[in-house]
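Below: the structure, in C-alpha cells.
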Amino acid sequence: MISSSALNELSKALGAAEVHATDYNRTGSHLDVTVAGDGLRAAAQTLQGRGFFLEDLTAVDHRTHREVVYRFNLYQGPCRVTIRAKADEADAVDTISDLYPLANWMERECHEFLGVTFTGHPDPRRLLLPEDSDFHPLRKDFVVPQEALAPEYHQD
Amino acid sequence: MSANIAPGLWNWLAYWLSEEVLVAVVGLVIVIALITVNSIGLIYAELKVAAHVQRRPGPMEVGWHGWLQPVMDAVKLLGKELVTASAVNKPLFIVAPAIVILPLLVTFIVIPFGKTLIIRDLNMGLLLIFSFSALNVVGILVGGWASNNKYSLLGALRSVSQCVAYEIPILITVMSVIIMTHSLKMSEIIAAQDRVWFIVVQPLAAILYFVASTAETNRLPFDIPEAEGELVAGFHSEYSGMRFALFFLAEYTNMFIVAAVFTTLFLGGWRGPVLPGPIWFLIKVYALIFFVLVARWTFPRLRFDQLMTLAWKVMIPLAMVNLIVTALVMKLVQ
Amino acid sequence: MGLLRYIGKIVSGAWTIVLGYTVTIPEIFRPIKTVQYPREKLTMDPAYRGHIELAMLPGKDGHLCVACGTCVRACPSHVIKVQGVKPGAMGAKAGVSFLIDFSRCSLCSLCVDVCPMNALRHSMEYDLAYYSRWDSVIDLIARFKEQQERG
Amino acid sequence: MSITDTSNVNIRSIETDRKISRGLSEQSFWLNLGPQHPATHGVLRILVRMDGERVVEAEPVIGYIHRGHERMGETRGYAQFFPNNSRMDYLGALTYNHGYCEAVEKLAGIEVPRRAVFIRTITSEFNRLSSHLLWLGAYLMDLGAFTPFIYIWEERELINDLLNHVTGSRLTYSYNRFGGVHKDIDDQFITGARAFIKRMRKRFKMYNRLVTGNVIFQARAKGVGAIPKQRAQAYGLTGPCLRACGVEYDIRKKEPYAVYSEVDFDIPTGQNGDAFDRYMVRFLEMEQSLRIIEQCLNRLPNGPYINDQAPRDLAPDPGEVFFAFESPRGQVNIFIKSDGTRIPYRMHWKNPSYTNLSILAELMRGQFIADVISIMGSFDLIIPEIDK
C-alpha cells in the first residue's frame, strides 16, 4: 500500500486544483484530484512518466456541466489515481489519446454518449452508436424517443 | 434388298457389340454409378467418423442409423434453387462445376479395380491420371473467378498455387516408383509388387505421396482454398444447389482417385489373400480414406505460406533425395 | 548440424501428428456421450430455474398469492401483471390473474426472492418454444388450476 | 471482374480510404470481415484493406448490438441490474455478477458472510474455467480444428451441471445477491466439484497431446500477433492478453477481493505476447482456477450464505465507488455514483474485450488474412461485452 506522503507528493506533482478526500476501502481510489482545464495533459504526462497506465475513462453528467473522470493505476501494485477534469462551457476537454492510445476509443465512447468534445482527438467519429446519431443517450436530459420504446406485447 | 442390308447391319452391330466398346460403355455407366455411390458412402462415412470422433451418434433419423441421410441431402440439393448472383460471369459460373467433375471421370478409365476389372489398361495409365486430375484445379479457378466474390477469388488463387506446389512432390515421388517398375501401366505396376508391396520398399515416398495427395484434394489440414474460418466457403461461396453438389462430388471423387493411386502404387493394388481382388482394392482404398477423414477432425488448418513452405522446403527436397537414392540403388542392383 | 536440426524438426513434427491421431482414433470406439434430445430427455436438477409458477403446497387448496404487487415492482423487465380481488369486506386480497410474458423474462429469480408470501417458485420447464408472441404470455393462475386438477 | 471496385462495399470513410490507398498497388481491395463471418463469433465487423493475402489496414466496426447497458443501469434499481450482468459477458456471467455485487456492497456498506464469499469465489472460478474452455474450443475452431470444440463441451457440461445445481441456470446466471448468494451449496456440489477437479487434471494431458504440442497449431499460433509489452501497456490491455506479454498484472493478486488474498495461486505469464502465449496463459490459468477451487472447498466455513440484514430496496448514501475485478477476459471496472436514491445516478462499465479490441487495428497491419483470424481468436472477444 502506498504511503500518504507519497500520495501528497504525487498530488502536488499533478498540479491538482482540488484534492478530494478519498478512502480506498470505500471508493476504490487512493488519490482523487480535480485538475483545472488545461492542467489535464500535464497531469497525464506526469503520470505517464511515472509508469502509470490508463485504467478507465468516463464522464459524469452533473446536469449543469460534464466532468470527465480518468483513472490511472500502476502495474506494480494498487495505486489508483482518479483525475477529474471539468468540461468547459462548450463541453470540451483536451484529448490524451496521443499519450495513451487506449484513450482514443474511450474518448470516442465518452463523446458519443455524453457529448463531451475532446479537443484534438484524431478521429471523433461515432463508435458504438450509428454514425448519423445526433443525441447523447447518457445525458440526464436525454429523453428516450417514444418510438424507441418496446411495443406492448399484445400488439402482435 | 434385305439380304444386302443384313450383313451391313450385322457388321455394324458386331462392331458396337465388340468387347472393346462394350467395356467402354459399361465402364462409363459403372464409373458414373461408382462416383455417386462412392460420394454418398464417403459423405456418410465422414458424418459418422466426425460424429464418433466427437462422441456423438451423428445422423440417426433417416433410415437405419441414418444411412439414407446423404441420399436425402442429395435430393434436397437437387430440389434447391440454382442461385446465380447478378454480378457473376454467367457462362463461366455455370460451366465451372462441370470442369471440376469431368476430368475426374476420365481418370477412372485406368484405375485397376481387379486383375481384369479395368476399363482400359493404357500404357500411359499413371500419366493419364495425373494429367486429368490436375485439370480439376482449372474448374476451381474458373468457379472462384466467375463468382465475382472476393472470398471466392482468394480461395481460387490459393487453390491454384497449392495445386502447383503439390503436383511437384507427387510427381517426384511417383517417379521413384516408376524407376522400379519401368512402366506407367497400372497392371505392370501392380505386377511389380508381386513379392513385396512398395510401401515397404519406399516408405518415405508413400508418406510423401499421402501428404501431398491430401493437399491435392483440399482436405484439412490443407483445405485453405475453402478455409471456412477465413474465406467463409472459399471458391464455392456463391454456389448453391446441384452446382455446389458437383464441387462436393468432385472433392470426394478426388479423394477416391488419390487413394486408388496410392493403393496401386504402394499397397499392391488388388492383391491380397482369400478375398477377391476388387474387394481387397476397395478395402485398401477406404482404409486410406479413413485416415484422411480422421485428419480433418483432428488437426487445425495450415496457413497459406506454411503450406508452401511445407511443399517447397520439406516435401520436394525429401522427394528428390528419395528419387536419387532409389535411382542409385537401382543402378547398383543392376 | 543444420541438416540434423532440419530432419529433427520434420520428425518431431510428424510425431505430434501421430499423437493427434492417437487421441482421436480411440475416441471413435468409445461410447456416445450425447443425449438424443427429442427421443431422450434429461431430468432437470431440482434447483433449475424455469419460468415462475405459483407454488403448490401440500394440504393447501389455493395458491398463496395476495396480489401485493411486490414482484411486479421487483421485475427488471416488467414481465409480471397481477390483479387481485378482495373476496369480502374482511378477507385478504387474492390474486385472480397472474400473467407473465415469458419472452421477456430473464429468469433472474428476483420476484421469487421478494415475494413476502413465498407464493412463487420456478418451474421445471425448459423446452419452451412458441409460434406466436402471444403464446409466451402465461397465465399462472390457469396453469396452477390445471396442475391442481392433474394432481 | 471488378476486384478493385469498391462500390458495393460499405466504405466507412472515404477519407480513410484515400489515406490508405496512397502508395498502394492497384490490386488492393476492401474486404468486409463480418458482421456475419464464421470467425468473428458474433456481430463484429472488421473492415480490412487487403493487398493480396496481406492486410494493409484494418478497422473494427462495432456497435451492432449496442443495447445501452449503462443507460439501463441508470434507469432501474440496483438489484434489477443483475440480469444485465450476464447479458454483457455471457461467458463470464458469474464473475460479472460477483464483481457487481462487491461494488454495490462497497458502496452501500453491506457485510457479506464468510461462507458467501467462499461460494462466490468457487462459482466465479468455475465460470472462469468454463469460459476459458469455450475459448479454447472456439479458437481452435477458428484455426480449423473442430473436434476440440466438441471435447470442451463435455467439460463445460459438467461445470454447467454443477453450477446449475447451485444457481439454477446454465449460462446467464444471476446468482449473487447483495449480502450473499441466492442459494447455498450442498454436499452434492462439493463432491461433484472434487470429482471434476480430478477429472479435469487428466483431461489437460489430453488437450496437451491433441492441441498444445501439435506442430500445425504451434505454427499457426507461435509468433502470430505478437504484442510488444509497451504497446500492450499503452493500449491498456488487461487479462490474459496483457499477461502473455510478460506483465504480471492480475486484479485477483494486486487488489484482492473475495478470498483471493487467502488462497495460494500463481499468475501465469508469457514472454512474447503472441497468440501461443495467450493460449498458454489461459491454459495454465485453468489449472490455477482448479487450485483456487480446491483450496476454497477445503476451507469452506459454515454459517449463513446471505446477510439477512441486507436491505432489499437498496438506496445507498450519496457517494461513488470504483471497483475493479478480474473477469475471464481481463479487468472490468465498475464505476457507480449514487445520489441517495434507489436508482444509480451514474453507472459505468469498462469491459476488457472493448479495450483489448482497440489494439487489433494496429496489430493486424501487415498480417496474413489467416493470421488475422488467429489473432482475433486468441483475443477471446465477447461481442456483447464490446458493444455494451
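Order of writing sets the chain letters: A, B, C and D. Residues in each chain are counted from 1.
The definition used in the following text is that contacts are C-beta pairs under 8 Å (C-beta built on N, C-alpha and C of every residue); 3 or more make two chains touch, one makes a residue touch a chain.
As the structure is a computational prediction, the values presented were derived from the model and not from experiment.
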Lowest number of touching-chain links that must be crossed from subunit A to subunit B: 2
Greatest separation from subunit A - chain, by CA centre: B
Between subunit A and subunit C, centroid-to-centroid distance (C-alpha), Å: 40
Where subunit B and subunit D are represented by their mean Cα positions, the distance between them in whole Å: 44
Separation of subunit C from subunit D, taking each centre as the mean of its C-alpha atoms, in whole Å: 24
Multi-partner residues of subunit C (each touching 2 or more other chains): 17, 20, 23-24, 33
Interface hub residues of subunit A, defined as touching at least two other chains: none
Residue list for subunit D, restricted to those that touch at least two other chains: 147, 154, 210, 214, 216
Subunit C - residues contacting subunit B, complex: 10, 17, 20-21, 23-25, 27-34, 36
Residue ranges of subunit A touching subunit D (in the complex, touch as defined): 25-29, 53-56, 58, 60-61, 69, 71, 75, 77-78, 80, 82, 100-102, 104-106, 113, 125-130, 137-138
Complex contacts: residues of subunit B adjacent to subunit D: 50, 53-56, 87, 89, 145, 148, 150-151, 153-154, 158, 220-221, 223-224, 227-232, 296-306
Subunit D contact footprint on subunit C (complex, rising order): 12-14, 16-17, 19-20, 22-24, 33, 45, 47-49, 74-77, 106-110, 113-114, 122
Subunit B-facing residues of subunit D, complex: 1-3, 8, 29, 31, 37-39, 50, 53, 140-147, 150-151, 154, 210, 214, 216-217, 219-220, 368-373
